[in-house]
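Heads up, the next two complexes both have subunit A, just with different partners, subunit B and then subunit C.
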Partner chain A sequence: MIRWSIKSLFSEGPGLIASCTGVAFAFLLVLFFMAIFSGESDRITAYPKQVDADIWVMQKGVANMHMAMSQLWDWKEDRIRAIEGVASTESILYLNGVMNISGREWFSYIVGLRGRPEHTGPARMHSGKPVPARGEVVIPDVLARLSKLKIGDSIQIVDRAFRVVGLSSGTFSMANSIVFVSYDDLADIMSAQGSVSYILVWAKKGVDSKALVRAINNRLDKVNVLEQAQFIQNDHHLAMQMGVEIIALMTLIGSALALVIIAFTSYAIVSRKKRDLAIARAVGFRSRQIYLGVLVQALLLTIFGFILAALLSLLLFPLISLLAPEIALNLELAAILKLAASTLLVAVLAALWPAHQVARVDPVSVFHD
Partner chain B sequence: MTETAIIRTENLCKHFGQGETRVRAVDKVNLSIFSAELVLIMGPSGSGKTTLLSMLGTLLKPSSGRIYLNNMETSAMGENQLPDIRARHIGFIFQAFNLIDALTVEENILLPASLTEQGVKGAAKRCQYLLQRLDLTHRRGARPTTLSGGEKQRVAIARALINQPTVILADEPTGNLDSEKGQEVMMILHDIVRDEGCTVIMVTHDNRIEDVADRLLWLEDGKIHDRRSEVHSWVHDPVCGMRVDEWAAKIKTEHLGQHYAFCSQRCLQRFQETPEKYIRAEQGGE
Partner chain C sequence: MILRLTLKRFKADRLRFVFMLIAIAAVIALVLVLEGFRAGIYQQIRHIITSRGADIIVSQAGISNMIASRSVLPQLSRQWVEEIEGVSRANPLTTLPVIYNHSNRRTPVFVIVYDTLGGPKQIAQGRGIEQSREIVIDKSLAVIYQLRVGDEFILSDYRFRIAGISENTAAFFAPFAFITYDDLLDLYFESDIVGDISTLPLLSFLLVEIRPGYSAAAVAGQIEKQIPEVDAWLPQTLAANDVDMSREMLGTVFQLMIVIAYVISVLVISMIMFSSIQNRVHELSVFKAMGFNRLRLARAVILETLILTLLSLPLASVFAWLMADLIETVAPVYLILSNQPELLLRTLVAALIFALLGAILSLRTVFRLDPAMAFRGS
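Right after this comes the complex of A and B.
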């Protein structure tokens, strides 16, 4: 029956192509949403990754950056710098705020730079200068392109105007972009002179970060001290958690769509091939063997659809990123494998509907002309 | 020593419907068919021939009575045992050929082989032999849709023979073939009985093939009787023109001193409404 399954499936010709394409697009939809959430989550954590500090110190009760608010007295940075094992420190002021560009509002991470911002400023520049002075701002190049801005133009951040002096790369996300202003400007906006949001700590070579975390915790009150990896993981986890229901819903919708297409195709094949199935039963095949044949068809259809979806994603996703850099797509192998596993369930479920027909095939019907 | 029957039925009955609409398709049929016999089952349309064949082939459960195949009571077996019986002991040949279009000639022939221990690989030699014997070697890779009617039926015969069954059940195997091809198929079946020692039970309307049969069973109104020694007296039903055996016909009438035999009550009724119309037509035809 396996040979029959494969051959009768392939004999469907255009019907098979149409079904495979339908299944592929359903899975492609799921992969797209998985990729976009993964990509966005990556971009959300882009800033802490590029800063690459060993330790992040923040207000007690705060454990991440995304949509968080942290405030520390700036003298705490001096205290930390004095701790044995600390190589250097930097601090930033940080605000989740809204930029108004040509009437459109963009949610942004606004980072106020101070001191020597080699580490805390933009890691890569597209053009212009990386460190803004008072009244100046560095914005993402993608945001500038989308908003048709160029160096020298003005934008509004919260309640004041800033002149664009630099365009940074790798700092744009649909959820939030990272813009850099001077510490003094942001402190004015926040009325937070003498405060910082995060203190970034680099350990001396050979010093254990965990030991340094304990040391900072012992020395300072009302702070939360985290290693870089934990800090990034917290942000990533929060971002994914915010999207997890949407991802689950889209996966469900995409899978349900694929399931309906596969089930309908299998059902149509079984309906058309009822006589074949009656012949098979007459010559001695058992119902479960025939059902296995139908299941193989559903599995093949699912696998073909999935492979097509994976190939299309490999082709289309880089193209989308090229044509629309504002869309962050990151397709992880783990996500593909997870979806592949769930497609097997889709195939089995899809084969249940035609199985009902298989059970009802009357072998006596082979005698009717 | 008494020869043991390959197929034996005892008071075999099959009823359809209930109450006033109840139809006795097969009514207390007792028959014994022996090894290497070619038996024809004939009778008017709707007489229960296919129902009987379906029950002998374990595709249909009898309402009552017993069926024995190789001394195994198939009528008492459950649905889990019957597919094995069909795969190992019975070969089917159908009027509509019933080949699977998605498979090649060779794959169609080998289809039932996958159900036995020997499997498709083990049956390859037998398949080769059957292809050769039935003159299909050159068509082994062809699809059924590209075959002629005669070729299709030869493929169906090869498929029925692949597992070397005890009995072949054939339902109108010449029904969709012209006389030449029908004769060819009949001769093949005749040779199979002779060479393979296989029993063939064939339902047919085709009187031309009576001569090659060992025995002819007549089924009418669900009852069966052996017609081997009976004398045929063929006349035409004056209404529909169908050939009926005047000797065996149950539906008869007399009109103006002439005897007429009919294939069905319906034809008799029509005749009785306007006999002169049919007599004139018959005379005109002559």
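Right after this comes the complex of A and C.
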């Protein structure tokens, strides 16, 4: 019976191809949604990762960077630097803001750099200089490409014009491109002279970060002190949690669509092969065996669709990121496996209705024609 | 003739017909939901700005957005604006992005601090703010964290009591919350960040009400002319700026998702039509044997597809409504406007075009039918 169901499935030809591709695209839509949220969550943490501090110090009540606002007095950095075990510190001023480039507005993380930073500036440069002076800005290379900007051109941040002096790599994101300006410029824009947003701390070799966190907490009031890993995790979780419900719902909708397509295909085969099924029942095949045959068809369709979706995602997602660099797509194996598990349920559910049809096939009907 | 026979076949095999309608409706519903998702995001942004109740919104000079921007106005700007002819009152408003942290979950919340204008308009449960330490939160926060009126709501270590739960107060994937200025100052002091209070935003925007008989555009022009430190916007212009920015951010993503949904539509429709043709191979070969040419057969298949697509649209609309309702119930931070007439019409036209494409894909089988099959039995 299983051989019959496989053969009848493959005899569908173009119909089978259309069904499999339809199922694949339904799953692809779900994978695309998952990849978008994961990709953006990764990009959101790109800056803290590249800075690679041991400890982040911020305003009390703040525990991350994405969509957060933190301000501290800058003298707190001097206090931290004086703590034993601290090798070096750097601080940044930071603003979630909008840049105007040739009439188009881009949401950005604007980072104000102090002095000649070793770590807090762009980690990789495409071209130009990495540390902007007053009136200068370093923007992501992707943003420059999308806005047709080159070094020497002007952009506007709030009410000021800035000259592009450098293009950084690995700093672009759909939700938060990282733009570097001088501390003084950003402090003027924010009316925040004398304050910083985050103080970044590097520990001396052999000094335990946890102990240093405790030491900073003991020495300073009204701050939140976090190790790098925790800080990054907070940002990543925040971004992923923002999408958790919609990803679940899109998985549900995509799976439901796949279910309809699979159920229809199985139903179409069953209704077309009613005569074959009647013969099978007349010669003594038990209902259980016939149900199994229908389930195998649904399973095969689901598996083919899912494999095709996975292959398409491996092929298309890098292509999409290449053609539309503003979109970050990151497909994690765990996400694929999770969807794979749910597809099995889809196959079982999709087989229910055709199986019901099979149950209604009368073995005697074979002798009627 | 062929079409009449097809319609009779639909009647005879109702179950199959219903299944076909459901499958086509499901893919059209997916398109409607994705389109509605995009329309909902833009509508939420527009609504949150235009429903603040101002005739003109004043921002820091150079700030042309409300939701995503940090605007800081000089403290005296309120007085300066109220001195302009035609201005009835300038109401202060501060926006504060904060991260709400509860039960191991973090959610970015835009807090709107208001005084005389700009508070929540639609309160679904409870009431507006009447006492100190009260807050009105968006429905999505209440759903995510299972909060009710009267519950405690801690922001930056400051304890609020939920006075009301508002509707239509989320935008840009984030919920809004409302507090008053008295509590903003207490929040700054009691949340133990007093040492750095001078660096915190106190006045972001002014919601300007104008006197009867004055034109909002003219008064806005006067404000900008006389006070160089500020920009003055008509609410709909400011809202359009935020919508444009979100289009820049999300436009390509939505476009891609909608393209995928349409590809699914084409595939599903061609699958359905292929299956329908397979079921009537004998019947169609009889037509061929009777001398019906390819064009007539193709016309019948295409017409059948278009009829099926047209008939599935009401069902698609119901499916889309159900999906939208499910999304809005589970995640009320989203608004899905899937049943707007303009959207329905656009999707109908697109669906018919894609149905046509789906039908054309399945025509090859019809063209390859051997008329001799008519004489071989079914």
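Keep in mind that, in the parts below, the second predicted complex is superposed on the first by the 368 of 369 C-alpha atoms of A that agree within 3 Å, B and C clash if a C-alpha of one lies under 4 Å from a C-alpha of the other, contacts with A are read in each partner's own complex, and residues count from 1 in each chain.
Keep in mind that, in the parts below, a residue touches a chain if its C-beta (ideal position, glycine included) is under 8 Å from a C-beta of that chain, and two chains touch if they have at least 3 such contacts.
The structure presented is a predicted model; accordingly, all values stated were derived computationally and were not measured.
J.: What does the overlay on subunit A give for subunit B and subunit C, a clash or a fit?
T.: Subunit B and subunit C fit side by side in the superposed model.
J.: Using the superposed model, measure off the angle between the directions from the CA centre of subunit A to subunit B and to subunit C, in steps of 10°.
T.: The angle comes out at 80 degrees.
J.: By residue count, is subunit A touched more by subunit B or by subunit C?
T.: On the superposition, C touches more of the residues of subunit A.
J.: Check whether A:279 is in contact with subunit B, with subunit C, with both or with neither, and answer first, second, both or neither.
T.: Only subunit B is touched by A:279; subunit C is not.
J.: For A:190, is the partner it touches subunit B (first), subunit C (second), both, or none of the two (neither)?
T.: A:190 sits against subunit C, while subunit B stays out of touch.
J.: Quick check on the superposed pair: does A:107 touch subunit B, subunit C, both, or neither? Answer first, second, both or neither.
T.: Only subunit C; A:107 stays clear of subunit B.
J.: With the two complexes superposed on chain A, say which partner A:4 touches: subunit B (first), subunit C (second), both, or neither.
T.: first
J.: Going by the contact rule set out at the top, does A:120 touch subunit B (first), subunit C (second), both, or neither?
T.: After superposition on chain A, A:120 lies in contact with neither partner.
J.: Look at A:67 in the shared chain and tell me whether it touches subunit B only, subunit C only, both, or neither; answer first, second, both or neither.
T.: A:67: touches subunit C, not subunit B.
J.: How far apart, in whole Å, are the nearest Cα atoms of subunit B and subunit C in the superposition?
T.: 11
J.: Going by the contact rule at the top, pick out the subunit B residues touching subunit A in the complex.
T.: Against subunit A, the touching part of subunit B is residues 50, 53-54, 57, 59-60, 80, 83-88, 92, 94-96, 98, 100-103, 107, 111-112, 114-115, 159, 171, 175-176.
J.: Along subunit A, where are the residues that touch subunit C in the complex?
T.: Subunit A reaches subunit C through residues 12, 14-15, 18-19, 21-22, 25-26, 28-29, 32-33, 36, 59-64, 66-69, 71-73, 95-98, 100, 104-107, 156-160, 174-175, 190-192, 194-195, 221-222, 234, 237-238, 241-242, 245-246, 248-249, 252-253, 256-257, 260-261, 263-265, 267-268, 271-272, 320, 324, 326-327.
J.: For the complex, which residues does subunit C have touching subunit A?
T.: Contact set of subunit C toward subunit A: 13, 16, 19-20, 22-23, 26-27, 30, 33, 60-65, 68-70, 72, 96-99, 101, 105-108, 144, 155-157, 173-174, 191-196, 199-200, 241, 244-245, 248-250, 252-253, 256-257, 260-261, 263-264, 267-268, 270-272, 274-275, 278-279, 323, 326-327, 330-331, 333-334, 361-362, 364-365.
J.: Per the contact definition, I'd like the list of subunit A residues that touch subunit B in the complex.
T.: 1, 3-4, 7-8, 10-11, 273, 275-276, 279-286, 363-364, 366-369
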